[in-house]
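Two complexes, one shared chain (chain A), two partners (chain B, chain C).
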Partner chain A sequence: MTSTFKQLLKVELAKALKNKFFITTLIIALLFALFSAWYMIDLYFYSLRGLSRMGGNQMIQALSLFNHWIGGEATSLGFTLFFTLMPLIAALPYGWSYFIENKSGYVKTVVTRSAKTEYFLAKYIATFISGGLVILIPLLINFIVVACFIPAVTPSTMYTMYHSVYHGSLWSQSYYTNPVWFVILYLILDFIFAGLFATMSLTVSLFVKNRIAVILVPFFLILVLHYSRTFLAYKYYYEISPLNYLHSTPIINPANVWIIIGQGLLFFILTFGLTMRLGGKRELL
Partner chain B sequence: MNFYKLLKYDLKNGFRVGGLKLMIIILMTLAFCLDFYLRKDIVYMVDPLTPPGTWMDYLFYIFAGIKEYTPSITEEFIFPIKWILIHLFILYSTLYYPHRDLSSLGLNVLVRTKGRLAWWLSKSIWNISYVLTCYISIFLTIIIFCLVANEPISLEITPMFVNDLLDAGSPFDTFPSYLASIILLMPMFISIVLNLVQMTLGLFIKPLYSFGMMAVILLASAYFLNPFFIGNYAMPIRSEYVIENGLQATTGVMLSALIMTLAFLIGSFYFKRYDILAEE
Partner chain C sequence: MTIIELKNVSKKIRGVTVIDDISMTLSSDRVAGLRGINGSGKTMLMRLISGLILPTGGTIKIDDKLLGKEITFPESIGILLENPAFLDSYSGFQNLKMLASIRDQIDDDQINQTLKFVGLNEESAKKKYKKYSLGMKQRLGIAGAIMEQPDIVILDEPTNSLDTSGVELVKEIVRHEKERGAVVIIACHDADILDELADEIYYLEEGSLVKTTREVKQA
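Presenting the complex of A and B:
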């Protein structure tokens, strides 16, 4: 790592995390996450009142923080908006940056002072981190807010109907023994995939000359991937859509670790490989 | 430059910019048709004969939407992917051109136009024409698919598909012919409204955020069965002819007409004072 690269990375990270698009998108994502928190806390107290009226078994392990935070519930509108629009939210803060810098001529001033590969590597890392953070921060805040109201009771396999984490579900053992670790694992997974969604925009910006397409093409590609599940109905029972498996409790099919690793690697090879290869060869001056 | 010349310019350039997207819409429709065809085979696997799907059945399958969702911790909300995909893609197709035409060459055209109202009206007519073309392409693609797959081209709705394949939860055994007109017209009408609102919103906020707002409206409409969420009227599965607490198409038409008029008026008033140089 040269000193130019360190400097470049510092500049790119500052630009990625201190621009108005990052702040605006973060506020929107936070609104979705807080909307989910508000709805689920209300639902929790409503359920609690109903149970106490009925008496008998209070089903303490059925209602817990782990199936009321945004990653564990699949009921609220906040969850729907957050997870469906995740590829769009991740790309908005900084996915467009290369396109704008190339158009304005800023790239030329950078590549005369450093290597092109260093510029694209710094750009890739900054885009990845901005996309990851804009998803990770609302998830964390939602978890903390919900934890302020709903106790973190360790889920029990007696209540799988309420928890939707079945035998064979990804990291199901952790869910019923050490759920905080389970949540941390999912937060890391969501951070990585959100970063990859953001870098898809960076890669697309090497091919298209339209800022709107730079942001929306990756979003539509993920939606098409999500739709393609329909052709596997009644044939294959593992989740292939990131929009579903990035949610910690299964929405339709259980997640499979090999599919997640495979898709993650594919996204990484395509985005990183194409960005570095095409970017490094690109005539920028 | 007179209004007709401006409209001709918009229709020519707007369709050139959106040509590839029309092709993608056709491909998407083919995928949806194939999906319906294969799904029929799977669902009626044990039957001696797979029932044929009419042109209207295919159209209903694509634009159906989802039945009412009752929030519960034990039931997940699954968004209607086909419905979202087609509506969002049409919204994306009309997003770029008006925005692009406010910079570069389009500014020269705007300067030569007598009054900004003509520019806004021309863009609105282009927008409506483009959405209509998208729908006509979808209709024609389904006709071609039906011809190739040897499926009947008729306006009949096969009642058994409504519950078996669309999971509508309908208490009715037969469906009136009005439903066919709702399937044919309402998604198109709502699409026009949403596209015009998106174009108007694009004057106030960045086009990408305006697209995001439309996505939120569509998802919220899928989540709530509520007459004020306009996307509900674009889901024929939520019509009064399919479910007991369904929505009336006439209310949808009136609400849409009101929103469309407001969007056009707000857009034209705001555009009169719009700082086009800042956009440049």
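Presenting the complex of A and C:
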């Protein structure tokens, strides 16, 4: 790692994380996450009241933090907004930055102080981290807020119908034995995919000449992938839409770790490969 | 001593020749002026020397190092190409500091000195770039090009948007950069300014070098 790259990365990270788009998007994502927390906490106490009226079994292992936090529930509007709009939320903080810097000519003053490959590598890393963090922070805060009200009872297979993780679901063994580890795995997964969604905007900005399109194209590409599932109905068993496998409540099909790894690698190879190859060779007119 | 050597340099963009067979040698302590109407190839030639675009024919050497092969950009260069470009949400000082931090060669005091030199006082330096007037933006652009005391200084229309005092400032800066030992390349529509500042003027027409000052004087 050259000294100019280290400096450039510091500058890029500062620009990516200290800009109004990052803050605004983070606030919006936080609102979705807190909206989910509020709804699920309310639902939990409603369920408790209902159970207490019936007396007898309190079903402690059915009502847990792990099926009430945003990554484990699929009922609130906050959940739907957060996970459906995830590719858009991830791209908003910094996915547009190369487009703006190229259009204004700012990129020229930067690359002549370093190198084009260093510039694009720093830009890729900063975009990835900004996209990842804008999703990770609300998820973490939701988890902490929900944990303040709902006990972190380890889920029991006796109450599987109250949990969305079934036999064959992704990391199901962890869910019923070490659910905190299960949550950490999903947080890592969401951070990585949100980062990749953000870098899709960076790659798209090498081809597209419109700022709005730069932000929207990755979202629509993921929507195309999401709805292409309908063509595979009854023919293919596993989930192929990130919008469905980035939380632990797959709506129709169970998630498969190899499909997730494969898609993640494909997204990475396409975004990183195209950005570095085309960006490095690009003439700056 | 920095020497820039262009040998039979040509550039085609989408099949159109924008620079056609240009050869010239530029060296330290000299100010090279580029003159020509809009679209004559001045900015394109500056982009080629900056390494931002690569020639489709011929070679450019900076201190005997082949641009695009041995080096991707000149090792020490400051540029102001067309309009100054900075980040709107940062102040003038923050913008320069961010750029300077990449090479990490100068400290805050030197940035402040450069800002003062180009006529941006402490208050202006703290203002966000988006609140700058056109003249202030131009001054900041010039500051960005010269703050690290590069070996090569490229100024494309540096007097754009500047008032009389600003134009005088540009003249002072160009003289100062020359005295410091930099190769200064300047393009300017104002013939009087170019005549006053440049040691040699290169006339461009449709991407070709048609004559130099020396030839004009001989004629």
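What we mean here is this: the second predicted complex is superposed on the first by the 284 of 285 C-alpha atoms of A that agree within 3 Å, B and C clash if a C-alpha of one lies under 4 Å from a C-alpha of the other, contacts with A are read in each partner's own complex, and residues count from 1 in each chain.
Convention: contacts are C-beta pairs under 8 Å (C-beta built on N, C-alpha and C of every residue); 3 or more make two chains touch, one makes a residue touch a chain.
What you see is a predicted model, and the numbers here were worked out from it, not measured in a lab.
S.K.: Looking at A:Leu30, would you say it contacts chain B, chain C, both, or neither? Reply first, second, both or neither.
M.R.: Neither partner.
S.K.: Is A:Phe231 in contact with chain B, with chain C, with both, or with neither (first, second, both, neither)?
M.R.: After superposing on A, A:Phe231 lies in contact with chain B but is clear of chain C.
S.K.: Quick check for you: in the superposed arrangement, does A:Leu221 touch first (chain B), second (chain C), both or neither?
M.R.: The answer is neither, since A:Leu221 touches no partner chain.
S.K.: Can you tell me whether chain B or chain C touches more residues on chain A?
M.R.: B
S.K.: For A:Leu187, using the defined touch cut-off, is the partner it touches chain B, chain C, both, or neither? Pick first, second, both or neither.
M.R.: neither
S.K.: Should A:Tyr106 be classified as contacting the first partner (chain B), the second (chain C), both, or neither?
M.R.: second
S.K.: Could you say whether A:Leu92 touches chain B, chain C, both of them, or neither, answering first, second, both or neither?
M.R.: Only chain B is touched by A:Leu92; chain C is not.
S.K.: State whether A:Lys10 touches chain B only (first), chain C only (second), both chains, or neither.
M.R.: Once the two structures are laid over each other on A, A:Lys10 reaches chain C alone.
S.K.: Tell me the contact category for A:Ala115 with respect to chain B and chain C: first, second, both or neither.
M.R.: The second partner, chain C, only.
S.K.: Name the residues of chain A shared by its contacts with chain B and its contacts with chain C.
M.R.: In the superposed arrangement, which is not itself an observed complex, chain A uses no residue for both chain B and chain C.
S.K.: For chain A, which residues count as touching chain C in their complex?
M.R.: Chain A residues touching chain C: 3-4, 7-8, 10-11, 14-15, 19-20, 101, 104-106, 108-116, 283-285.
S.K.: Flag every residue of chain A that touches chain B in the complex, lowest number first.
M.R.: 24, 28, 43, 47, 63, 67, 73-77, 79-81, 84-85, 88, 92, 161-162, 164, 210-213, 215-216, 220, 223-224, 226-227, 230-231, 233-234, 251-252
S.K.: Which residues of chain B touch chain A in the complex?
M.R.: Within the complex, chain B contacts chain A at residues 31, 35, 38-39, 42, 71-79, 81-82, 84-85, 88-89, 92, 95-96, 99-100, 207-209, 211-212, 215-216, 219-220, 222-224.
S.K.: Show me the residue ranges of chain C that touch chain A in the complex, using the header's touch definition.
M.R.: Those in contact with chain A are residues 13, 47, 50-54, 72-74, 77, 79, 81-83, 85-87, 89, 98-99, 101-104, 144.
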